[in-house]
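Following this message is one structure expressed as structure tokens.
Going by the order they are written in, the chains are A, B, C and D; count residues from 1 in each one.
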Amino acid sequence: MNTLAAAPPIIVATTALLALMAGLFPQRLVRREGPTVIAIVGMLVAAVMSILLWGNRIVALGGGYRIDHLSVLFNLIFIGCAVITLLLSVNESSGVDRRGEYAALVTTATAGMILVAGAGDLIMIFLGIEILSVALYVLCALELWRERSLESGLKYLIVGAVGSSFLLYGLAFLFGTTGSVNLTKIGASLTQASFNTEPLLWIAVTLIIVGLGFKASAAPFHMWTPDVYEGAPTPVTAFMATATKAVAFVAFLRIFAGPLIDIVHTWQIAIGVVAAVSIIIGNVAALVQTNLKRMLAYSSIAQAGYLLIGVAAGTVQGAQAVLFYLLAYAAMTLAAFAVVIIREREVDNGEDLASFSGYGRARPFLGGIMTLAMLSLAGFPPLSGFIGKFLLFGAAAEQHLWWLAVIGALGSVISLGYYLRVVGVMWFGAAGDPEPRKLLNVSSPVTLSTAACGVAILGFAAFAGPLLTVCQQAAMSLLSP
Amino acid sequence: MLITTLAWIVLGLPLAGALLLSLWPGEPDRNLSRVIGVGTVALGFVLTTIVFFDLLSRTPSHRHATNALWQWINVDGLHIDLAVLVDPLSVMMMLIITGVGSLIVWYSTEYMAEDRDYRRFFAEMNFFVFSMLLLVLAANFFFLIVGWAFVGLASYLLIGYYYEKPSAVAAAKKAFVINVIGDAGLVLAAFLIAKTFGSLDYAQVFATAPTRLGGGSFTAEMICLLLFVGCAAKSAQIPLHTWLPDAMEGPTPVSALIHAATMVTAGVYLVVRCNVLFHLAPYASDYVAITGAVTLLVAASIAIVQEDIKRVLAWSTVSQIGYMMVAAGLGLYSQAMFHLLMHAFFKALLFLTAGVVIHALSGEQSLNRMGGLHRLLKFASFAMLIGCLAISGIPPFSGFFSKDEILSTAMAAGPLGVVCAVAGIIGAAMTAFYMFRMYFRAFGGPQREGGYHPHPHMSGLAMAIPVGVLAVLATIGGFLQVPWGRQLVTDWLAPAIPDQSSVEASATVEWLTSLASVSVAAVAIGIAWWLFGAGPERRLKYAHTLAGLRHVLLEQWLFDDAYESVIIQPGRDLGDAAIRTAEPDLTQGIVTAAAGFSMAGARGLHRVQGGLVRTYAFALIAGAAIVGLVVVLAR
Amino acid sequence: MPWLTIIIVIPLLAALAMFIVPEGDVGTARLVAALGAGLTLVMSVLMLANFHRDFPGPQFVDHAGWATQVGLDWIVWVDGISIWLIMLTTGLFAIAVAYLCFRTPDRPRAFLALIMLAEMGLLGLFSSGNLVLFYVFWELMLVPFYFMIGMWGGAGRKLASIKFVIYTMVGSLLMLVSIVATAVIAHGITGVYTFDIVALRNVDYTRPESIWLLAGFLLAFVIKLPLWPFHGWLPDAYRESPIVVVALLAAVVSKAGVYGLLRIGLPLFPRGMAYFQYPIILLALVSIVYGSLVAWRQPTMRMLVGYSSLAHLGFIALGIAAIDPQAAQGAVLQMVNHGVVVVAAFAIVGIIATRTGKEDIDDIGGLAARAPWLSGIFLVVTMASLAIPGSNSFAGEFFILSGTFRHDWWAAAIAMIGVVYASVYMLRLYQSSMNGPARGGDPRRVELRVRDVVVLVPLIAVMLFIALWPQVLAGASSASVNAAVAPAQVAVGRPPSEIRSVVLPNPLPATVSSASGVTGGASQ
Amino acid sequence: MLIGTLSTHHQATGVPLSWYLALSGAMFLLGLLGVLIRRNPLLLLLAVELMLNASNIALVGFSRYWNVSDGQIFALVVMVVAAAEVVIGLGLIVAVYRQRLALDVDALSRLKG
């Protein structure tokens, strides 16, 4: 029974192996489509498994992994992002021979994420994060022949390793302060004693914030993000921008909103400051970007700042807001990247903002999706991005973190400068090249998943009620170990 | 009930006429325009006489009736009804408006016969009559203000009737704007009244005024001063008088009806209507009288040098209203109304006669190009002479009785009254001088050089009959109210003017004043005859004496220049300055600065992000230090 | 019958239906828009017919859950204030659609769809019974205007559109913070976490709380209005937008700011309003004088009318800041009046500009000679715009200033400067285009045609009706206005004799109104 | 509580916890310094290894202090992870080399801004 609870990560990890093997098949058709199909099917099975496990609270793997509402919700987020990433990569021009590795790496990373979401101890958190990081280093550099891809992989590796070291060092100190790696036990020991004046704990908290902040690409630990996002293959960027960010936040929640909740005062302001700095730096730096991927990278930095507001609140409302906003954020970011991916296939410089001039009028559907994504990211109601921000501000206000809410609001104003620039270029700009290289089939998986993201942006808002109930249950599960 | 219904009909007729004429699809037949234009006003006059006799048949204390059509609005306890008040005062005004009005509109049918926009003229005339009737019939201050503004609008439209002429357009705008200033004063007065009394109804305000406002209280003074701002603007009293001479750009019948007989006297009407309030505000009343006295002198002095026949009459109007204001300010309300009535007769006569001349000379208005018209236009000459004698206060013409009554009663009304009476007597001399200057230059002396081409033609009956009727009225009208005889006007108005001050001049004073004013007028006429009666030679000989004064007079005491340089140009400059500096620098500046700040930050971050791994690692470490510091500090 | 929901949804459906209309099929697009706007208008008129005139509280309450656990709900209702704004919106949008149907813009489907979306946003805004919903619609209406300016505007449209949005959003995002904070603080006081406007009216915030919470809202409101010096978005947006958009911005969108003050500022944060009373009065007065002066000196017709609108909105803001039932009633009247008049003014400017091809005042002249009907209607509009006594605008301005005068006579006196200047600049507009020697092409071409008449005549008819019988509006709104102003009156210490409404009204029970939903309000 | 016991000798070994921590801290800082000043990617990887191993020492030290095995298990996991990272890192370095690019991280600055 307990092992059954660990089924999702196990299934996904197995799927990764199967996909890898499928990529080695002699038949070209299998080599081309097999890995993707296997990976998607395998992950969907894991998703179904997770859904079936909804409502259960099971501890498995000797306390290292657990199934609760939170982990199930995140499993679905991760799998959703991974599946859409894979769908967006279909027909990618790069070699068929790498299909197996590509699908396997994405799936492996997903397995690592799932482990973090269900982590019951510090080891599992670190392990999961490293599994996905290592997979992502490779994914970034997957287009080895492209200098930029390589650069982004190596940069990510080096800076990422430093970040991981910070995280690890922080985890080590957390273990050292409490004498346990088990999250539940850490929580219990922190509740019992007064740790207000414990320098080791301060070091632990600081280093964990840095390490996770790095993974979440929060400022000032964000500087790798634009470079890596720009250099990596765009579907990988989309995956990183959504799933990886979600991992960082589930780790944040698992650690801070879980065992460290009783010493909230030691980390609340610090996380708040990181959030504020991220919002300001991300939004301001994005203003002058002309590369859409880079712009979205900075936007993701700012969005990390918004999500951190919810973490800083350190309440169920905060966690709930983070969860909802992550869902919304994933939908809007994937939608934006999906359109960029499509544009990249149509023209050479598809990631340049300039190539989107007049795009909305030429392709109202894709332009519409992009517009929806941008408006939602900017927080226009009634899109899901707005509801997320509204909840985050509410969580901050509940904790009287007024300054955070105000900075968030001002940051949103700044963000209009670049989000609306995209919209403006698409709809108000002079029409670009009249004859794109090739038209994607409407029924292609790429188009369908793009549409799905667009629908999600609206749907998450329309069905905010039930969705929030789910998020709330997930958030509640943080507090009851 | 009957009389209010009739009042509503009288009010509605010209409105219906105006609407009918302006909304008539296509170009209506000229006869139709004529019939509607004259018919509505004339019918109004007939109905008004019925009202008049109905009121006359009642006992004086029952000579009033109000009727509301509907509750216009009720906001926070302030009820405003669309209501009329029929009382002796309003009926008297109605009689003037519809009576003189129908004569003038009739006259216009011929005067405007050549005009392209026939129906527009009658539509606007009808609209004016409606507005003026609304003004006098309103039973509360609100609809008084509405009528007040509507006559301003009608005046604007008719001054700017020849809208292709830039000078007419400018004059119209000037008249409108100055009248809006007056409206503003009136509206503020209404606010103060509403605040003080909680009502704008005449009946309620006047009934409770003595108890709610102490005599001479600040509120009473303020109300009356603010009301008088409106009166001054409408009745062209200093310093808001500058629009009236320019208003002569309108067709002559318009000048006769609006800018002589009716609209410009609305200010007098209002002061008389609010006699209860003015009675409680001695300082404001004094101010009214002083303004009247100053205006009558200033306007008369300017009239002396005018070369345009209509502008002479315009300034004389300003001056004559000054007399009425003197009377009203001194509390001599019925005297003011009597003079108003007489003025309506003789000034309408003068304007219409001037119109006959202008018509005969195909639009010529300058006195310089007239002369010796007596032989060519006998009828007009006699009519004009009657008008001049009347306005100069020569007995037994109408002006003598009304002006004389004002002056003699003023003599008895305290020191200010004496001062005003003296001013009035000086004014009377000036009036006689400039009127006969006009008369002699137009009709006397030899014909102008080169004669008249085409030959001046006598007008038709439609113009002649109104002139004739008015000439008769200007001649005998004064006998309505003669000293020690029947005081018909005063008696009639008595119910509407409860606070009639019991100033009664002694017989000696009365005789002396009359003698003084008549004799100075006669001397002035003599001088005018000597100077102007014989042709241009003598006039030109003396043209350069007192050049400085003459210049000031020609510049109309520099009021326009002062306004232009003190109020209008600074306003323009301020607006331009706002557009030049405040708009881009202040309102745009904040935004631009914020945007610039953000962009500078963005460029700074752009530079920092130099692509070096070590920078990134360093930022990580620095960030760790900051977070650590915050953790330690915030603990 | 869920009146309001239907009224809000019809334009949305019309906008969505534009997606199905085949490209290039202008006729169908027009038909869809006309049907959408027309049906909305008819529904709103029917709703008005069922309106309970004397009831001060919410009516036609529709309530449906959305994300109830976080206070997000679909609560829409109207009271005596908002019903008129709903009528104004449906009426003016119908006019705008009529105008557009005869002058089909480039890419008509998209434009008409955006117009319909804008209508939905405004209708939602004016009927929101929930602060978050209010915010949702507040922002929602921004988006279509952004696109309309950006896609159909003039040469500087890109900058104008983004400036318009960013400027507005500065205020509105802080408003979002305030909205959240309001609920949080109210939660601390009452123990109920709600965004329901009716429920929040009874919350007794401390003075600093009230001030700070209102501050967030206030910025959004004064930017939307706009009041000087927050009108930085106005010149560019007015200069670059299509004339229909300018008209709607001036006529309806600006009312959102005023409505916010009335619906949220006065009843929810009376102490804050007491604190900000004089700052708002001051800004309103500056707007009046400044707007008038700048309008006077504008070179183009549309900018003249645009800045005149700044001045007129200053009057409306003054009426609310006066904290007096009479002034507030005047402001409500004037909201409708200004909307009707300014749309007519812009319509005429648009007609003249399209027929002569010129917008500069000095380039046009003497049109009255050959276009008497245009001239006549323009005169009526001019007079209404400068609020000549007897016009509908005067009814509003009179009570605004009369109410202001009662406590702050100086403010009313200063505002009179604006009244006088209104005549100066409006006559400049009228005379220079209509009078004088003919300039700017063949005036005969400018004369009104049927397409113009269908736009202008309904507006003129409304103006005349209100001029003749404003009690229809005032009577149906006074109860709500009194209720809205009463708390602030208490806060500024007005004597009890002046306070017309003591008890804050609850929604009209569903059995009395014909609304289907349950009430969203809290009990006393 | 813990801070007070940092300097007390552990019964079993006699090596106080603070010594472990001092060593680990020194290694961590050394690694950081290496990351900051080195340009060769191989040496950078080495520096990162140093940082990871600093954590390992801390983990082991704490594990000893609390007398639990968690920390040691953690350290073992870290070793595996570090190995994996190095493998990937070396692979990428080889790829860089194959692209005939300079083995200098400062040269990896095409992506910036």
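In this text, contacts are C-beta pairs under 8 Å (C-beta built on N, C-alpha and C of every residue); 3 or more make two chains touch, one makes a residue touch a chain.
Nothing here was measured: the structure is a model prediction, and the numbers come from that model.
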Chain occupying the middle, per Cα centroid: C
B-D or A-C, whichever has more C-beta pairs in contact: A-C
Distance-maximising chain from subunit D - centres being C-alpha averages: B
Separation of mean Cα positions, subunit D and subunit C [Å, integer]: 65
Chain centre separation in whole Å, for subunit D relative to subunit B (CA means): 97
Inter-centroid spacing, subunit C versus subunit A (mean Cα positions, whole Å): 42
Centroid distance [mean C-alpha coordinates] between subunit C and subunit B, Å: 38
Contacts with two or more other chains, residues of subunit B listed in rising order: 595, 606, 609, 611, 613, 617
Set of subunit A residues in contact with two or more other chains: 155, 158, 162, 226-227, 417
Residues within subunit D bordering two or more other chains: 32, 35, 44, 105, 108, 110-113
Set of all touching chain pairs, with the criterion as stated earlier: A-B, A-C, A-D, B-C, B-D
Subunit D-facing residues of subunit A, complex: 121-123, 126-127, 130, 134, 137-138, 141, 144-145, 147-148, 150-155, 157-158, 161-162, 164-165, 168-169, 171-173, 175-177, 179-182, 193, 198-200, 226-228, 230-231, 289, 294
Subunit B partner contacts - residues on subunit A that touch it in the complex: 155, 158-159, 162-163, 166, 196-197, 202-203, 205-207, 209-210, 213-214, 219-221, 223-224, 226-227, 265-270, 273-274, 281, 284-288, 414, 417
Touching residues (chain side subunit D, partner subunit B) in the complex: 32, 35-37, 44, 105-106, 108-113
Touching residues (chain side subunit C, partner subunit A) in the complex: 65-70, 72, 107, 132, 135-137, 139-140, 142-143, 146-147, 150-151, 157-158, 161-162, 165-166, 169-170, 173-174, 176-177, 180-181, 183-184
Subunit A partner contacts - residues on subunit B that touch it in the complex: 595, 598-599, 601-603, 605-606, 609, 611, 613, 615-617, 619-620, 622-624, 626-628, 630-632, 634-635
